[in-house]
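Structure first, then comments.
Chain naming follows the written order as A, B, C, D and E, and within any one chain the residues start at number 1.
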């Protein structure tokens, strides 16, 4: 019997990433070079190649399980951007924390591949597998500083809770399968349209919601985030705070808008609750943090809350806003982490006292990131929030936006506190910095993008509209 | 009469004045030539005036840290150029039309139908000029006062200037909001870095206060956007009539932002802290222009966009204003801190402004706008003066002063002029503004007009008391006023004196600018009122 | 003929037992075992579905689930080993360096 | 009638087993009970005529995963662990939660409406063997996840090495 | 550029030159000022002549404020009233300038002083020449400012600085009403130009307005509001408190501002608005009685004071009261006539007092003087003349104007009779205290220290000449208004007719004789009493003082007005400011909320933080709980 070979054009990006990821393992073994920077360069090269390929590889393949369309492509861009930036900030950092380069980079790329698959998956099985690919890689990455107890703890917590949540997802999937005899979300949607909503469907939906709420760290499924972000190597934290979150949103956008179309009011209601809770928890707890990685963790929880508004809006406009926000968020958050990495002992909030005196440039850049995270124009952060709020208000959730606004004004407090420490507090002790070209490049890119998007939003806003679905 | 003799008489810098007299013609010549030049060449005035300082400000950051004089010089040059470039607004302004002038429109974010649209009318044009002028003075007054992180200081100063002008010129709500918020960043830094002992608290307070207000406005803006079938175009909004209920909500949303900036009575407490802790230039900018943006917002957005709501809310606004007037004035009597007193006095003065604006009649609004200018000049000047003396004595406690008039007679004279302007003495600009406002307020609501008048008595009370405690009596030995004002300070204050007297003696120069635009505004309100009336009648019939 | 619901309920019960165990037990190894238990419960339901729906997708999914379960077990145990090297405990609640 | 009885037996045993697994103090015991459970599950798979999966269940789970567990337990030789108490202080909350969730889920399941019947009737699977049927579906329809699964196994190996390697 | 414009402009130019370049001219700077004032004096004379020939100048220079229908211009209205004021202001100002050359010699602020004087002259001229209310208001405030400057001229003395401030703020209270009056005028008459106002007055005729429940005639209300301003400026009850303290300023200032010109602005205002006041009986009564009571009160206070300048100051208050009394009974002409004469003899009194001080080295207490006539004959002579004049000795200026007032008051019905009575009493008191000063200062033997005695000398020519010139004025100024009864033509009365009108006289010649007789009698009586008490029986005052202790203390403390205001207005305001507003409203309530909310959130955060225990199982419980809650909520609200 013959097995028809499927058309692989749509999946070329994933293939590139996966192949390079596997190759890196070997290359490291074979090459005797002491400095391992070339591995990172290979990653970036691969990422760029993928950049180039994505627009060329549109279409559906693997018996309709894998769709590469505007939606997925946009998210893949986000993943790759976060990958590139992470690699850039990783270069010297890995030496500092003596982490195996080869495994590190290849796992990064495997995780990216997993996310890309998630973004393109229209079949629950593919979705599940891709999710696991991403998740398992990130578990390992979180614990890759195996001599560091914190890193171990982070990995453990992330792993156990992740497995827990994915078993929920699996149960939900199985129930869905039982109800529809299908795992393809379009078929599921088709089938569910005929029958009326049942409790089984609801509980399946809720299980899926919980699983993804865990991935995007929405309260009350957020509790892993602070610990894991703090414990994991900073670069990995930067990566985790952007990539998996974005992937989670990508899936939510895909699955909930198609498969769970029939129960939209229900999951909208649930998400509103989650969003408000998330914003509250994230912002309020961020205020009391003294470790900046932890603070950024909570802030990223809060941002997930804002992004949920876009999903809640339940419109194309809303999804578009979500994408834009995540893209912007990738830049500003990784940028902030880049600063944290450059600074020695950068995790402690005291380290920033009087930074503007000792290292004015770094302080200035950090200032921009902080204002962007707060959402003050003319930085990109404002555009993101504005976009989300517009979408939510347009679908009539003005009151939710008011709540969001309230919390984002709270958020101003803790972001401004960093600025305060940098500019208005006297320096406590001279703090060493480890700048390097790669990291500088990362900062440059993020800074540039924050201002470009902030002043010329069309570059992202208009674009998605054209290529969306 | 022996009492008149004093030992400091020798110090009075006769030569200084003599030399400054030589500078004055030079300054006049500069402005004159600049005017000729700027009118000759043809360029997009507003964009230049907005973006020259902003870009220049960023450029300033690139100057090497050591080159402090270069930074100062560059910023002075930039501010002067900006001023010259803004002169056509004064010279080529067509006073006969209420239309927007010097307009420029480019597509900015097509997918949201956002345009880069700027323009000025009679209401806003004067503020642009005021901003460009005051910035020069801020630069000169900080010349020696700021020694730490000079380039950053001047950079942020110019950034503030640019964004403030942007606020006054924007004809697109989105653009307006961008500038409105963008200005927070440098201002926050300015207060927090170069401010007084309690600066951090003041800075964060200022930031949060204004941010909360603005964010509510942001929601209002977005809602407005969808009701104006997806457009941020202010002019288009002005020709749209929104349902009354919506108007009320949006009015309050915008009120949150504007009232905080003004600041109106219950939300004024950020102002004393910010003004007090900010460096001189910061206080000048704050008092001179920044808090005008609130009142300007009322004029440009709240009233024309939500006329019925404005009409309905006017009494409440007037009451708040009068409370602010009296409250601010009375509280001044209890202040022991020089800058704090002036800060509270501007709460009182801005109360006058809002009173005039919400009187919703010609005299009131014209007086309000003029009073904004006046307050910008006078309070700005007062802060400049305080900065000048603070640089010498390094104390803001009034009780540490005394007898300054004998030590620094010229300075005392300047301060007296500004004091008088601030208490609204006829012949100074303060009088014209306050008189028109009170007249308007009195027409609108007699009782409130009368109550507001008490503000004038109190004003005289606290300002003269302040003047006495600082300048009169025997020279205080704690205070080391080493020497009278030097040329730089003299020339810094002189233009403001000229303006004070100019507006006082011939206000029509400025009133004529706004006449037509204000008339248009009032017509809009009244017309809208009738429409509302007819709507109500129709509802009644149904 | 046994009705489908019985199987599903059975799997649900096992799932929840696993879940409960996962929550209440302190020993990390047992927690891992509980996860395996939950996955098996899901598998059971999937197989039941695929049998009653006369459809093989369920079994395919089980196939993948088992794969993933194996991977998870491997990685989880690896993490546990690494952790145990640094801090000789296998009680999850004793490992709370980071909090707040 | 008979199938119900058999099912009843299996159901009861499995529930009991899983409770035992969850409650044993010594991990080794849990693992061994797990082994027993897996055999029962495999048996049920056979009833639901999924022979291949049953085989995989035995080979993979019993043969590989549980052995891995035992290895690790041996490696860590947890003597003093056995002495420490087995539940967290808040165990009643956990149990209560578990029970209430179970009730909800069961309630939901009773409302279950199965989906449409597929083409793979028992007869069909019978005449072309079960393995072949699965193989077809797996390699034709589900090729992509299959490939990805390989990646997952790869990173599992990598991860195990990276994490569990002796400290350098 | 016509000459009327120069009248105010010249002093202004003088001011500007002096304030800028005064330093360079050092002690020559007075020439500029004097020349400037002299110039405007000459022009005023010409103008006066023109006006006397019946010409009335009224024109706008430029439009000052235009806002909607509100249009006000800077302009000149020079009619008979203004003309006479011009003469008064410029002449007295000129003399005071000259006087100051000697008086202020050697003072550091020499140039400052003269520039202030110029500024004042300018403002005063603006006030009187303005053809609209706003310009009047401008001058009104400007002269107030100058008086503030000049009272606080010796700003190193706390008392001086306080006095200046007090004067300004008390005046502001008056202006408060005045300003509202202006608003009312504009709102109901839609103009502020005199001519239009008077043309439109009929509009408000009979209109009433509801103020706090009671209906008040619009004319009455407006008139009274404007009168508030007059009260403040002219130091009438209850706002008279500032004038006595104003004596802290240099004496020439007191002479010019607080005797001759500024304080009379109130009278000028009332006279200017006589058509309005004539419309309202009530307003007239209020004016009349305010004047009468003020004059009485001030005179009584003056009886017991020892500070020579304060005595003169209170006599000023009392004389101003006279003028208002006149206006109140409709005798505006007489009021202005008295203003005219009073300007000279009161200025003379002040300058004389100044010359005395000059001799005494700043000593003000008349108890410490005595027998000065030997040392400073000219001062004595002129001072004596002025006192005769103010006392109302026939033939001198004061006599005619005062007699005119009393006579016309007598005419004006019952209320008129009452105020006439008061006026007559005041006349007696005036004579008494004026001569008390004379006798204590110039008669008897010197009671001061020896070095003071050694220092005694007659003042320089620059001071004595103005004294003599003013003395001439003090004698002759009244001759322009000799009543027909005494064979005069009451020229000035007719001169004022077109502007101020003239009350119709009903009473007979006999009554007029009677009035004259009585006033002369009380005047002589006053002088005689003074002579008795301070020359022939010096012990008497002490005895009386003991006998009427309470009255004496009340008078000595000026009826406790200062204390009253201090306790009712000043202190409460400051208390509220510091205790309530700063202490409670701002610090507690508003700041409490502003700082409380963030703190609350922070604390909440700290609590919430406890939930993040770091224990894995707790996180799991959290997740399970989340799942459970969501499910239960959804199931509860789910409808099949």
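Methods note: contacts are C-beta pairs under 8 Å (C-beta built on N, C-alpha and C of every residue); 3 or more make two chains touch, one makes a residue touch a chain.
None of these values were measured; they are calculated from a predicted model.
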Chain-contact steps, minimal, separating subunit D from subunit C: 1
Farthest chain relative to subunit C (centres taken as mean CA coordinates): E
Interface with more contacting C-beta pairs, comparing A-D to A-E: A-D
Most centrally placed chain - per-chain CA mean versus overall CA mean: B
Farthest-lying chain, centroid of Cα atoms versus that of subunit D: E
Geometric centre distance via CA averages, subunit C-subunit B, whole Å: 67
Whole-Å gap separating subunit B and subunit E, where each centre is the average of the chain's CA atoms: 36
Distance from subunit C to subunit A - Cα centre to Cα centre, in angstrom: 26
Between subunit E and subunit C, distance of the C-alpha-averaged centres to the nearest whole Å: 98
For subunit D, residues contacting two or more additional chains: 88, 90, 94, 97-98, 101, 104-105, 107, 109, 112, 114-118, 141-142, 145, 149, 152, 155-156, 159, 162-164, 167
Where subunit E touches two or more other chains, by residue: 598, 609, 612, 614-618, 620-621, 624-625, 627, 631, 635
Sites on subunit B at which at least two other chains make contact: 208
Touching pairs among all chains present in the structure: A-B, A-C, A-D, A-E, B-E, C-D, C-E, D-E
List of subunit E residues in touch with subunit B within their complex: 19-20, 23-24, 62-70, 103-104, 106-109, 134, 137-138, 140-142, 145, 148, 152-158, 161-162, 165, 168-169, 172-173, 175-176, 179-180, 183, 186-187, 250, 362, 573-574, 576-578, 581-582, 585-586, 590-591, 594, 598
Complex contacts: residues of subunit D adjacent to subunit E: 88, 90, 93-94, 97-98, 100-101, 104, 107
Complex interface listing, subunit D residues touching subunit C: 3-4, 7, 11, 14-15, 18-19, 21-24, 27, 30-31, 34, 37-38, 41, 44-45, 48-50, 52-53, 56-57, 60-61, 64-65, 68-69, 72-73, 75-76, 78, 81, 84-88, 90-91, 94-95, 97-99, 101-102, 105-106, 109-110, 112, 114-122, 125, 133-134, 137-138, 141-142, 145, 149, 152-153, 155-157, 159-160, 162-164, 167
Touching residues on subunit A, where the partner in the complex is subunit D: 1, 3-4, 6, 11, 18, 22, 25, 62-63, 65-66, 98, 100, 103, 106-107, 110, 113, 117, 123, 125-126, 129-130, 132-133, 136-137, 139-140, 143-144, 146-147, 155, 175, 177-182, 191, 195, 198-200, 202-203
Subunit A - residues contacting subunit C, complex: 125, 128-129, 132, 136, 139-140, 143, 146-150, 152-156, 159-160, 163-164, 166-167, 170-171, 173-175, 177-178, 181-183, 226-227, 230-231, 288-289, 294
